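We call the chains A, B, C, D and E, going by the order they appear; numbering starts again at 1 in every chain.
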Amino acid sequence: MTITRRGAVGALAGAAMLVGSAGAAFAQDTIKVGVLHSLSGTMAISETTLKDTMLFLIEEQNKKGGLLGRKLEAVVVDPASNWPLFAEKARELISQHKVAAVFGCWTSVSRKSVLPVFKELNNILFYPVQYEGEESERNVFYTGAAPNQQAIPAVDYLAKEEKVQRWVLAGTDYVYPRTTNKILEAYLKSKGVKDEDILINYTPFGHADWQTIVADIKKFGSAGKKTAVVSTINGDANVPFYKELGNQGIKATDIPVVAFSVGEEELAGIDTKPLVGHLAAWNYFQSIDTPANKEFIAKWQAFKKNPKAVTNDPMEAHVIGFNMWVKAVEKVKSTDPDKVIDALPGTEAPNLTGGVSKMLANHHITKPVFIGEIKDNGQFDVVWKTEGLVPGDAWSKELDGSKDLVADWVEKKCGNFNTKTGKCGGA
Amino acid sequence: MISARLLGRTGTIFLAIVLAVAVLVPMSNLLLPVGSPLHVPDYMMPLLGKYLCYALLALSVDLVWGYAGILSLGHGAFFALGGYAMGMYLMRQIGTRGVYANPVLPDFMVFLNWKELPWYWWGFDHFPFAALMVLAAPGLLAFVFGWFAFRSRVTGVYLSIITQAMTFALLLAFFRNDMGFGGNNGLTDFKDILGFPVQAQGTRAALFALSALALAGGFLLCRFIVTSKLGKVLVAIRDAESRTRFIGYRVENYKLFVWTVSAMLAGLAGALYVPQVGIINPSEFAPANSIETVIWVAVGGRGTLAGAALGGVVVNAGKTWFTGMLPELWLFALGALFVLVTLFLPKGILGTFTEWWTGRRRPAVAEIEDEDGVARAIDSRGAPVPAE
Amino acid sequence: MVLRNFPAIAFALCLIVLGAGSARADAYTDALARFAADSYSETEAAIEGVAASGHPLAAEVVSALQAGRLLVRAADRAVFIRDPAGGLKDARTGEATTANAADLKAVRLNNRVRRAADAAMGQLTLRAPDPRRRIEAAAAVFKSRDAGALAAIESAIAAEQDPGVLRAFREARASIALAKPDASAADQVAAVEVLRAKGDRDALALLRQIPPSAPDEVRGLAQLAASSIESRLALLQRAQDVAYGVSLGSVLLLAAIGLAITFGVMGVINMAHGEMVMLGAYTTFMVQEVIRTRFPELFGASLFIALPLAFLVAGAVGVLIEHSVIRFLYGRPLETLLATWGISLILQQAVRSIFGAQNREVGTPAWMSGSVDLWGLTLTWNRIVIVLFATAVFVALLVALKHTSLGLQIRAVTQNRRMAGAMGIRTDWVDAMTFGLGSGVAGIAGVALSQIDNVSPNLGQGYIIDSFLVVVFGGVGNLWGTLVGAMSIGIANKLLEPVAGAVLGKILLLVAVILFIQKRPRGLFALKGRFVEA
Amino acid sequence: MQTTTTPSLLYLDAVSVVFDGFRALNNLSLAIDQHEMRAIIGPNGAGKTTMMDVITGKTRPTSGQASFEGGKYDLTKLDEASIAQLGIGRKFQTPTVFEMHTVEDNLRLALKADRRAVPTLFWRESRAERERVDSLLERIRLKDHRARKAAELSHGQKQWLEIGMLLAQEPKLLLVDEPAAGMTDQETADTADLLREIARTRAVVVVEHDMVFVRDLGVKVTCLHEGSVLAEGPLDQVSANERVIEVYLGR
Amino acid sequence: MLNVENVTLFYGAAQALRGVSIEAKPGEVTCVLGRNGVGKSSLMRAIVGHRPIASGAITFGGRDIARMKPYERARSGIAYVPQGREIFPLLTVRENLETGFAPLKRSERRVPDEVFDIFPVLKSMLNRRGGDLSGGQQQQLAIGRALTTRPKLLVLDEPTEGIQPSIIKDIGRAISFLRQRGDMAILLVEQYFDFARELADSFVLMERGEIVASGGRAELQGDDVRRRMAI
């Protein structure tokens, strides 16, 4: 028994070596996948994890035998949080490395920067981060949340469960918070919230001194009505913001803060004990208890060789996006972008929270929405979730400019079809 | 009139290379077959064009730093303003092809509910006006800023730091979505320039050739300035500012002149840069960008013009190469490059090369300059002016 | 079916048998059972029921709930309290018991439940022996304005001796009285008076919200009280802006003061200064990591341990940089800009390679957490500590430069290196020490900044521009200038921010500094007088 | 002093300069006539350099008047460049020449010409100017060094170059600060000759410590002390003054 | 005490010293004379270590100091009063003097009384900034500062340059006082011939980086040296 087992192990090892050398021999014939995430500069904080996620996914896929009988090969470049460099690197990935698809970008501006390149060179970008919507491009697949998959359910929850009547919309001054707040403002007003009960505040990137703003929030919140903060504060600025919140003693029971850009990764840098009860809205939390998620976390931590490595929503978006791409490629038996683009809508892939997400005709996907409360261990406790999955809207129904627009790349082959005029091409 | 004296030997070689590049690279890209070893691949064109724009920017920095001793840590602001002027023109050319198909308003204004075009966007649909603004906007900013700063005799590191404050203030201002310049996303998704699609290979080739010509022209202009008597006055100002005043030169006017010219060159570089990289956004105003520009000049050789341009190309080409080849380690390589150049090539690549070339014949008598000459340009200790 | 319901039936029978005398106990057990429903509304109802029951275990149950130590067994809806040590007791009886841990689930909380629990705890602890608990309890009642607590408050007031607690109780009673539609006018007038004396924003909110049904007299008085509080608060607002300004100024001072040495004194345009700050912050992180895993009881002292280490780490890196690069560049300040920029890239990437690009958690010791209320001014402890710390660092540095022999040698070398050497001063050693000192000070600034900002490889970048601005604004080569520069920029920023907003405020400030430099081209504290150039 | 009747070229009237409470000049009055050469002596810190700073516009007086060409120009209202263009040239104590420029370029820059930026940009050397440079080079004995960088000159040569630059400006008034410092006796004597020659056509103010040199010049002497005039007159008369001996010459 | 033998020194390609030898003995003033630019200051810089020598030897108290750093030479007992004084302008007079403590043991760290005896003016100005002093006062401070290090060799480079006559006399008196004390060698560089003549026990005359004449006090009194310095 033991002998046979040893023999088996040996044979396996031999086979593995053979496969390995075969892999080397056929190195020319790999399918290249571009990874376009900043590894240095301001965005490295968020994006390096996504680079690792892609390496992990590709390794896993190769363990399963690759794709179409070929190995996948990740091509990693560093666009260094520099937007023009994103475009340059995208061009390099597509033209020079001939990648089959690219997974990348975090900020909207980086996506905007590479868009023309993807259109011109006709390749595929999977974009994994929640964003402001108002876009649908043939070459881009949006696996992060659109505003209707994150912001609006969160506000609904606060209004219903916490009876919030007064709202602070605090954000970093860029397009995602601006748009989200615009949508939320319109939405809240449609629910009868008065002008004086909404406070909108914008801060620069990397804002570090939150004393005044937190004091203002406190002031705004002490007018007697139940108040909540909807935070679209981006990246680094969250840590000093939450530290200030904690120190000024704003408890979640007084003024809850719901954030759309704060996940497990961001919380890893903060002592969360003073923040227990503050909220985040995402389509995925690490703490969600499903077999798929448990397995994923275990493998991820093994891959990172760090038992404390956390997972987060954009990672899950890459998981879904990658699996969808794999399925689409397998379906059309080709990595030709045109074929894959056409095959992707309708493709389904299980997400990590127990459902099955589907790529829609507007190149967004269906996702469940969860509201989580921050726990003292830096994780989230899901306090609410949507029934079933919410389809992502490319164009917000709350905004004047886009309420008549729909994106449909299957029937109408158009990203901004105007239902009123019946024409493709905007308002 | 281009005389040998105007160009110098290095200058002649430099100009010849730039002009050759202006012709040969687009030709090789458009005419040679893809398989040919001499073929310049499509993706290289905008990349090389970008380097040329950076070279022009470096040239403009060298004009003020190398010759007038004004260390600008805010030249990125002029570059970005030129870029924005061009970007605004390109945005207006999109017309109804934007996602909201608004014939007048750019997309970002539509979705932020702007109802009409703000006044400062007027006229940018006309190329001549935009072209004028490419030079006028940075020129005007430089003129106003310089008029204040030079008249008040802000010098040395004080000047450097307020130029940095200037570009930082502009960075924050352009980030603001209320400013009407597209906030953080900036201006992007350009379609046409003068009726030609920006993404077409022919347009790219033309833009590349234009960038090379602009670099050549900028180089000639700079050479004309620095070889003129005015150029000699600038060097005099750099080395002994108060002496120059006592001879009767109104130093602030000279500085203001060269400062404004330099800003306009930087603006031109920015304007050519934008259609080639396809985006202009506030991060171009980041002080780090301006500092890096200074570093290109230092790497290439301060006060050599051609060297500065060379530095702009070399450092950026290195960056492209490193970020692709060593994505996780490239900052080590770049950082080490800067340290090593400083330590072992204190006069930059070109400066060291020419010194080595001429040094074989004429022994260097540069002892004095070592301690006083270079250091004087930026009087970092704020050494007090002797009053008695 | 019958069998399965047996316990319930038996329970009901028991209730009947025990009769009215034990009604309160029954209400308690009834309420307890609702915890098992795993629904926030049921939990909320359970809390109210438990609190109203007056059962002796009520307070313990609610506080266990708050701490996440209230467990239920889904199978039989039994409720247990786990004490902090880990022992289990039956919530019904308070007796120690055992249960299979796998069957137990903590009752889940959300903000609504937490609020209910807070309010309930308030009522339940009005008579707690510790006066601080009683004040907290009063505050909870004040916030909940629950008319049901009125009786409890009244009796608590009657029994209370401590004047501070009494005031809190009266305020709580006032808040209930104002919210209650059927309160007597006299009670409400008294309540307005109490709130007027309280004079803070909470009181103001209550006074503003007097229902229109209230008598005119009360409304008028409330109006008056509200406007008097408002004018007080407006004044307070200015004071608060200045206090925040001082705090921001201290942060700037800390960030800049090391630069005032490496740049201001030595003339090295040290672009790697921010990275020295970053190294200090990462040292703090490392110290806390070790403490967390090995000596958790030392956590409160972690910053004190980190301070000297950060000084040494950053100082040592500084000495290394000086010795390997900077010393070849004296007299060529511009080239130090180039080289230190390169060094800053290398250091950033090194930290990124070692610790990863993500933020690292640096905890705040208990003594630095929370805030203190000074006449209605909320000052957070960490900010206060940072102000004090910045002052201490400033004074220490001033003393070190003015009154130690190293300080004298530093000044001599920076004014005239060659002559200092001729006086027997070991210039190369002094250079290394000076740069090390500046870097070390930046390092300890990093310890302080780790308390309010991200600890990430980009930490330093955020401070470098501000630091240079502060040093130059104050006047290069003058520590006092750095102090005044930091404070003026900090306070101006905070006074501008409420008027113009954070972004525009900062822009205005930068423009103001640019214009100021026109007026004083050598900074605030330019060196004046008759000097011979060294 | 009868300055009102004979319009002097330079007239300082009760000029005071205060730095941080320190009085560098204290009610200083001084008049220099056309074509006059004047030697200024006095201990260090007596205000000699500050006086030059006031005349050349580098320092604004705290109080008092400074006028040029018989009151035609108020020097306290003009900047250095305008004053230089009026025809006041200054030589510093330590020679300051443009070290990175050649000797002849140094002179070229100093030549009287349109000082505005744009004409300077398009300037081309005229024949007259070339000749003028040649004759200056001759006069300051640097003809053989015309193409060398000024940095390579010796200390004395730099002093002379600087005087040459002053001459190139064709000033009406020259201020010369310690021209003999660091020179040998022979060079000192030559310098005195040169200055005397210059003074034939313009006014010269010389600040000097070297009493031999001052004696060589043989002109009226003003001794400054603590920011004001202590004694004025022929050298013998001044050096016999008790106060001058006490504070300056020593016993 | 100090022996300089056959020293050559270059600035880049230009040779500043060509085989110069001099000697300084305790209790004596050795004068280096010569016109401007003949290499006097270069020689001083070679002795205090501000310029490396190309060949030759410099020994001090029997030790070879030619490869030592300037501060090591200062620590072995050479004090330098440079041309142009080079006072630390932002340090007070007291602090300027205290910079001389660096080579001293902790117990010796005080300003010797003789400094204030020789230059009483310094005592009254202890808290003034060095840069605020007049040139003459600075020169006195520079000498006082050098004396604080308790030197065995005092190197004075043109102490009379740009100094008013009354202070030149003070300085002359100070130098003769130090010479009479006998424990210190003094090396004086001068262009001011009359000043040198009064003080020198021996002299060397330099021209174009070489020593062209040397001798004792007697030879210095003749007109020969004065004439050579004038040409």
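In the analysis below, a residue touches a chain if its C-beta (ideal position, glycine included) is under 8 Å from a C-beta of that chain, and two chains touch if they have at least 3 such contacts.
Worth saying up front: this structure is predicted, and the values here are computed from it rather than measured.
Enquirer: Starting at chain A, figure out the least number of steps needed to reach chain D through touching chains.
Expert: Each step joins two touching chains, and the minimum needed here is 2.
Enquirer: Suppose chain centres are the mean of their C-alpha atoms. Which chain sits farthest from chain E?
Expert: If we average the C-alpha coordinates per chain, A ends up farthest from chain E.
Enquirer: Work out per-chain C-alpha centres and flag the one nearest the whole-protein C-alpha centre.
Expert: Answer by centroid distance: B.
Enquirer: I want to compare two interfaces, A-C and C-E. Which one has more contacting C-beta pairs?
Expert: A-C
Enquirer: Roughly how many whole angstrom separate the Cα centroids of chain C and chain E?
Expert: Chain C and chain E have C-alpha centres separated by 63 Å.
Enquirer: Roughly how far is chain A from chain B, going centre to centre by Cα mean, in whole Å?
Expert: Centres of chain A and chain B (C-alpha means) sit 37 Å apart.
Enquirer: Starting from the mean Cα coordinates of chain A and chain E, work out the distance between those two points in Å.
Expert: 75
Enquirer: What whole-number Å value describes the gap between the mean CA coordinates of chain B and chain C?
Expert: From the centre of chain B to the centre of chain C is 45 Å.
Enquirer: Would you please write down the residue numbers of chain A that are in contact with two or more other chains?
Expert: In chain A, the residues touching two or more other chains are 39-40, 173, 202, 204.
Enquirer: Could you check chain E for residues that touch two or more other chains and list them?
Expert: Correct list: 89, 131-132, 135.
Enquirer: Going by the touch rule set out above, which residues of chain C reach two or more other chains?
Expert: Touching at least two other chains: 348-349, 461, 503, 506, 527-534.
Enquirer: Note which residues of chain A are touching chain B in the complex, please.
Expert: Of all residues in chain A, those touching chain B are 39-40, 76-80, 82-85, 87-89, 91-92, 94-96, 107-109, 112-113, 115-117, 120, 134-135, 173-175, 178-179, 182, 202, 204-205, 399-402, 405, 415-416, 418, 425-427.
Enquirer: State the interface residues of chain E toward chain C in the complex, per the touch definition above.
Expert: Its residues touching chain C are 48-50, 69-71, 74-75, 79-80, 82, 85-91, 95, 98-103, 129, 131-132, 135, 138, 145, 149.
Enquirer: Write out the stretch or stretches of chain B touching chain C in their complex.
Expert: Residues in contact with chain C: 71, 145, 148-149, 151-155, 157-158, 161-162, 164-166, 168-169, 172-173, 175-176, 287-288, 291-292, 294-295, 298-299, 328-329, 331-332, 334-339, 341-343, 346, 370-371, 374-375, 377-378, 380-388.
Enquirer: Using the touch definition up top, name the residues of chain D that touch chain B in the complex.
Expert: Touching chain B from chain D are residues 19, 24, 45, 47, 49-50, 53, 56, 58-59, 79-82, 84-85, 89-90, 92, 96-101, 105, 108-110, 115-118, 120-123, 149, 151-152, 165, 169.
Enquirer: Name, in rising order, each residue of chain C that touches chain A in their complex.
Expert: Contacts found on chain C: 40, 108-112, 114-115, 118, 201-202, 204-206, 208-209, 240-241, 244, 247-248, 251, 348-349, 352, 356-364, 369-371, 378, 380-383, 451-458, 461-462, 493-494, 497-498, 501-503, 506.
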